[in-house]
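Residue numbering begins at 1 within each chain, and the chains themselves are lettered A, B, C, D, E and F in the order written.
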Amino acid sequence: MDSGNIAWLLTSASLVLLMTPGLAFFYGGMSRGKSVLNMMMMSFGAMAVGVLAWITFGFSISAGDTMGDIIGNPMYDFGLIDTLEGGDAMAIISAGFGATFAIITVALISGSVADRMKFGSWLLFAFLWVILVYAPVSHWVWGDGFAALLGPDGPWFGSLPGPYDFAGGTVVHINAGVAGLVMALLLGVRKGFGKEPMRPHNLPFVMLGAALLWFGWFGFNAGSAFAADGFAATAWVNTTVATGIAILGWILVEKIRDGKATSLGAASGVVAGLVAITPACASLDPIGAAIVGLLAGVFSALAVGLKYKFGYDDSLDVVGVHLVSGLWGTLAIGLLANGTINGDAGLFYGGGITLFGVQAAAAGVTIVYSAIATLIIGLVIKYTIGLRVSEEVEVSGIDLAEHGETAYEEAK
Amino acid sequence: MKLVTAIIQPHRTDEVRAALEAAGVKGVTVSEAAGYGRQKGHTEVYRGAEYTVDLVPKTRLEVLVDDADAATVTEAIVSAAQTGKIGDGKVWTVPVDDVARVRTGEHGADAL
Amino acid sequence: MDSGNIAWLLTSASLVLLMTPGLAFFYGGMSRGKSVLNMMMMSFGAMAVGVLAWITFGFSISAGDTMGDIIGNPMYDFGLIDTLEGGDAMAIISAGFGATFAIITVALISGSVADRMKFGSWLLFAFLWVILVYAPVSHWVWGDGFAALLGPDGPWFGSLPGPYDFAGGTVVHINAGVAGLVMALLLGVRKGFGKEPMRPHNLPFVMLGAALLWFGWFGFNAGSAFAADGFAATAWVNTTVATGIAILGWILVEKIRDGKATSLGAASGVVAGLVAITPACASLDPIGAAIVGLLAGVFSALAVGLKYKFGYDDSLDVVGVHLVSGLWGTLAIGLLANGTINGDAGLFYGGGITLFGVQAAAAGVTIVYSAIATLIIGLVIKYTIGLRVSEEVEVSGIDLAEHGETAYEEAK
Amino acid sequence: MDSGNIAWLLTSASLVLLMTPGLAFFYGGMSRGKSVLNMMMMSFGAMAVGVLAWITFGFSISAGDTMGDIIGNPMYDFGLIDTLEGGDAMAIISAGFGATFAIITVALISGSVADRMKFGSWLLFAFLWVILVYAPVSHWVWGDGFAALLGPDGPWFGSLPGPYDFAGGTVVHINAGVAGLVMALLLGVRKGFGKEPMRPHNLPFVMLGAALLWFGWFGFNAGSAFAADGFAATAWVNTTVATGIAILGWILVEKIRDGKATSLGAASGVVAGLVAITPACASLDPIGAAIVGLLAGVFSALAVGLKYKFGYDDSLDVVGVHLVSGLWGTLAIGLLANGTINGDAGLFYGGGITLFGVQAAAAGVTIVYSAIATLIIGLVIKYTIGLRVSEEVEVSGIDLAEHGETAYEEAK
Amino acid sequence: MKLVTAIIQPHRTDEVRAALEAAGVKGVTVSEAAGYGRQKGHTEVYRGAEYTVDLVPKTRLEVLVDDADAATVTEAIVSAAQTGKIGDGKVWTVPVDDVARVRTGEHGADAL
Amino acid sequence: MKLVTAIIQPHRTDEVRAALEAAGVKGVTVSEAAGYGRQKGHTEVYRGAEYTVDLVPKTRLEVLVDDADAATVTEAIVSAAQTGKIGDGKVWTVPVDDVARVRTGEHGADAL
């Protein structure tokens, strides 16, 4: 047991836990004043039911002994009791670290259902999604010593370079992005979508959220080294480089297209950069990280307008940011990996095109599974307890109707 | 007595208040409003969406004056608030039956 | 010297320091718009005079050589000069870690005196309370290698199992909760108490506060292992489990009783869960932690209404949250301890009822001392410089009167 | 490689990165509601271009092989590629740690140009300033194993005690403070300066910023030990002591002079204390730290009024806080150093006056260079793309004109 | 001229503004208000406390019109704002002595 | 009918509303305002700068009443709002041509 590694993982788990309230502010600030509390409650609710889902079956399905490389044994360690009794500090804190990943991933989806989803239905959705979607996908990618379905040593890709997903480009961002798209389609558009402005009600909160996300993301990316070592340090530097440059990418697009660099754009650029570098943070040199960040900002800045074109109300841009930049970061490994990990270099670093193909295949499998499984969960809830609040509630504000509160009473 | 109400551009408030003091007006009540008129809203693009902003922020001033002063006060406001751009606002006068000063219970012109 | 342990304690001390501003937002958001600054200033003031109290006599009384197992020698290390000169990194940072505990504990009390206490009187109160209440009680529980009055090896309980207080259920939460009750009674109710709504003026701030508290609490609980080891990891996991589930406990009560799950409830559930798991975080398995969290949420959700029944204006629920959940967590060790520490198991884990009795006794002593000592300090201030602002100040807003400011001037 | 040290530096770098968003809130809350976004965007923009400046030439000039003790070789490691490939965790994360220092330093300057600087010009300024001012000065003080120009083993002071600058009193605070003064003079005063109140529009944000700065500053000061050791622990304790007491210093001045202790004063006291202890945190005992903190609060509380006297619009008090307290902390080493480092004690701790003189000389060189270099950069921008927005934009609000946004739309 | 003031439910604002445009009204001033009347407040329980909320948020619209248009405009507002639930609001008309357009200094009907 | 408008100290709002209910008034509209008059602003020092705060927050109440009730209502407001300190505010009455209740479309006194 190396106390330095334990110290870093304790820190990292704490940082990742903070990301979900960070997301609550990022999303809450972007929503309208009459629905900010509901938006934040979806994140806090994800922390509540996410913990429950994780200690019951999520952890076991994700990290338990594999059953045919598909899922961990769901009865592997109910209540994490054996893990804690084992007394191995790294094993214990890793179980906690895993919980924070499950929570933030499902919380990300809430951005696409803003202003209109029943709170009880959200809690149920979040609980089921962690167990049925997050946990299996995380098992495929990271389970069984990277030897489950989508791992670099797994049955499908074992003989090929990759696929690589250091901290969760597929498991977290593509997965949540696809689920967000499905839920946005299932719920339908908000009243006034595409006509009313629906501008962020509190932009400093959006920036606070982006800042807490960036800060917490150091735990996410550099913590995924599971050690305080060179990989962690590399992940830290690349995360900062990509994120800083992604801000530039996003606001440059805005400046050129709309004439003005917005604070919403800067905050969104932060998140796009973080998302894109997540899978790739240990595979790149900083020039590669800068390219990944710059294009993440550009791609996502362009992608957030698509919802108006195609008419899906991905309210707070889960698709435009997490799916698009998650995909880009995952594929970018195939282009820009510098070969540090197993000598597998990307196309522009002297490797062939195979790694790119493997990355694309892993992303594709994740997309398909996430779409189908999320659709099933969503449909079951829709036709049982229902997904959406009434139009009257939506217009007068979901905060008051679902939570009995309004966010601000500053004048009193 | 008369009540002169003015809807003006917020950034002219200081100038108008100075003009009112110069015109001998002893008190004013101010509040926030928004409006549109000839100054229609403009189209904006924000995060890939295009939409129309139609209400423009304005400041409302209310001044109670003697009948005789209504016209002077109106002119004072108009000239201090004028920038010549569309959206400069309106000033209107309505008749007042009675005014009372809360502190003393006085009525009429004494209460101004 | 183990650099991993030092790294974790440096991190933990930083995290606990952040809890007090977190509390400033938790309380500040709950207060009305006209008294938010005063509320936050009580936390920032606690940081100022708390440091002063700690480096003068607080540290020495808490951690100095024991005088009859009752207090540390007040002249043990004035100014922490010897400790720093000793150069032992763990000793130095432990002195800093202790300061952060003293600060947050006294800051907690400010919630019960909201909107109506003179700022100067608060500063004096906080200074005296750290030295005369916090420091001795912390010595009893943790002093002299756990061998002072209320320690597991101390004169009173040395031959029995327990008492256990890993991170401060008695020292911090029961202690502050009782002091809050005494001060609320001494100050009397606010104008309009029980009639006017007095709703939180900014609920996102309440949630921000809860988030920063949770984040900081990892340092509080897992840092109390004073090492990056299995205890720390266990404390981390149990803290997260109890807190997540406590949210559910609180909002379930609200949903059933009032029909709506509020964001204030979720944020309060976070704090109740954190409070309850504080003493117990190293003694439970995660199922025990989940039970502690669930019932902390339930008990505190029910308890916050008591003030209207009994007519004490514990404005922001220091009693309902910290005293009630602090007591519950302390007693829960007697029921649910899994025997990891010294083989002392709780009633439902095969131990006897003795541990429960010992826990109750330690809590009782703390309650009695805290009540009497706080009352004396409060009375002295009341009859010298006075405790309460005038009614006019209270109605027009304490921020303007005591600090010459209003919190928001957004329109300008 | 010691994993505990790496863990602490990973944590420290993350903490320092968080300081810049913290500053965005500290400054953003102080600005008016119509310019808060621009204020925050200057910090976020500093993160964006700061990263770019650092990975291109900043890192190399700062930390590269020295060229005549003046600057590091600008071509030393373009893109940090060699550093990352080297695989030495401490070297890699140190490069990242350095980036966070460069970013916060330039971001500090933005406080003096509030409400009136073109955003594009700010980005250009920040980019150039990191490369041409921050990087060289940091090389002088810390470069080449402390043997460059202003290092304790350098050509100028090598034979004398000092100069000491543990975490950046000269490099960061004096440097940014002087640059802030120069930019304030170049830009000229805001419309209404000295007549209109221009009060902070959101004081809780100011306090949030101060809290995040304090929290992050633990990484700044204790992280500058580059190890989890006794120096780090000492720096941690002294940082907390000085900061807590500085709050008291500032609000005491206010109470005596104006009759009221303000929350803006408390938050400013936090920053003044942190600034002053920055160079000195490893050189003092806690009594020395308390004196440094107390007087930092007093000096800066008095100094923020000077701008009205001398007519420079240092809008958010970069000069009053960073230059004044940065100078005080740097000089205080000459008075209060306890001799732990190389036995070099300050005047009141048995050393002579030499150390004070050396500290003053190092500060003086920094002031002169920073003033001249900043002036040149500022003039070049002024006469090319221009520095200042139009008066109409300033009055109607820079947020709308430069970023197309207003911060709050809470009613919608 | 007349000043027609309407206190309406906030969520009917868009409909009323559309109706006003349809009725040929060229400008409107909007502000926030709160009120009570038949629509008394309701009792709420929050965090264990029971209390009465009595002021309900409303939107105020002010429209200056020619004497002849006052009745039409009133009807246009009433029908667009109506939901049939208690709390729908009031519309009232007061006489106006004079109106001035700030931008041009015009007076009377020309200033509308 | 008449419209009675009152500008009062915010902290007297509850008392005035109680007095209005006691006087049989069935509805009120409330909004925020700020004003100055005899109660001039005061000089403040903040962070080393000295400046004058001149607008003081006030609350505006509007009450529609039958002609006969205007005087009673005015007196009720005056006596409930009075603290005797400068800045207590004003109450004024303007004539109203017509009132409509949005919910029902009723006009005149029935609409109150």
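Everything below uses one rule, namely that a contact is a pair of C-beta atoms (placed from the backbone, for glycine too) under 8 Å apart; a residue touches a chain by one contact, two chains touch by 3 or more.
All of these numbers come straight from a predicted model, not from anything done at the bench.
With rounding to the nearest 5, the Cα superposition of chain B on chain E corresponds to a rotation angle of 120 degrees.
Copies chain A and chain D of the same chain sequence form an interface built mainly from non-equivalent positions, shared numbers / all numbers used being under half. Of the two chain pairs examined here, A-B and A-E, the one linked by more C-beta pairs in contact is A-B.
Rounded to whole angstrom, the centroid-to-centroid distance between chain D and chain E, based on C-alpha atoms, equals 53 Å.
For the pair chain B and chain D, the distance between C-alpha centroids works out to 46 Å.
If each chain is reduced to the centroid of its CA atoms, chain E and chain F end up 18 Å from each other.
Looking at chain F, residues 31-32, 44, 46, 94-95 sit in touch with two or more other chains.
Multi-chain contact residues of chain C (touching two or more other chains): 2-5, 7-8, 11, 199, 202, 208, 258, 262, 264, 404-405, 407-408, 411. Annotation, chain-chain contacts: A-B, A-C, A-D, A-E, B-D, B-E, B-F, C-D, C-E, C-F, D-F, E-F (touch as defined at the top).
Here chain E touches chain F in the complex through residues 2, 6-8, 31-38, 55, 58, 60, 70-71, 74, 77-79, 81-95, going by the rule given at the top.
Chain contact summary for the complex, chain A toward chain C: residues 1-8, 10-11, 13-14, 17-18, 21-22, 24-25, 28, 36-37, 40-41, 44-45, 47-52, 55, 79-81, 84-85, 87-90, 92-93, 95-96, 99-100, 119, 202, 205, 208, 402-405, 407-412. The touching residues of chain B, when paired with chain F in their complex, are 1, 3, 26-32, 64, 94-103, 105, 111.
Of all the residues in chain B, the ones that touch chain A in their complex are 44-49, 51, 53.
On the chain C side of its complex with chain F, the touching residues are 395-396, 404-405.
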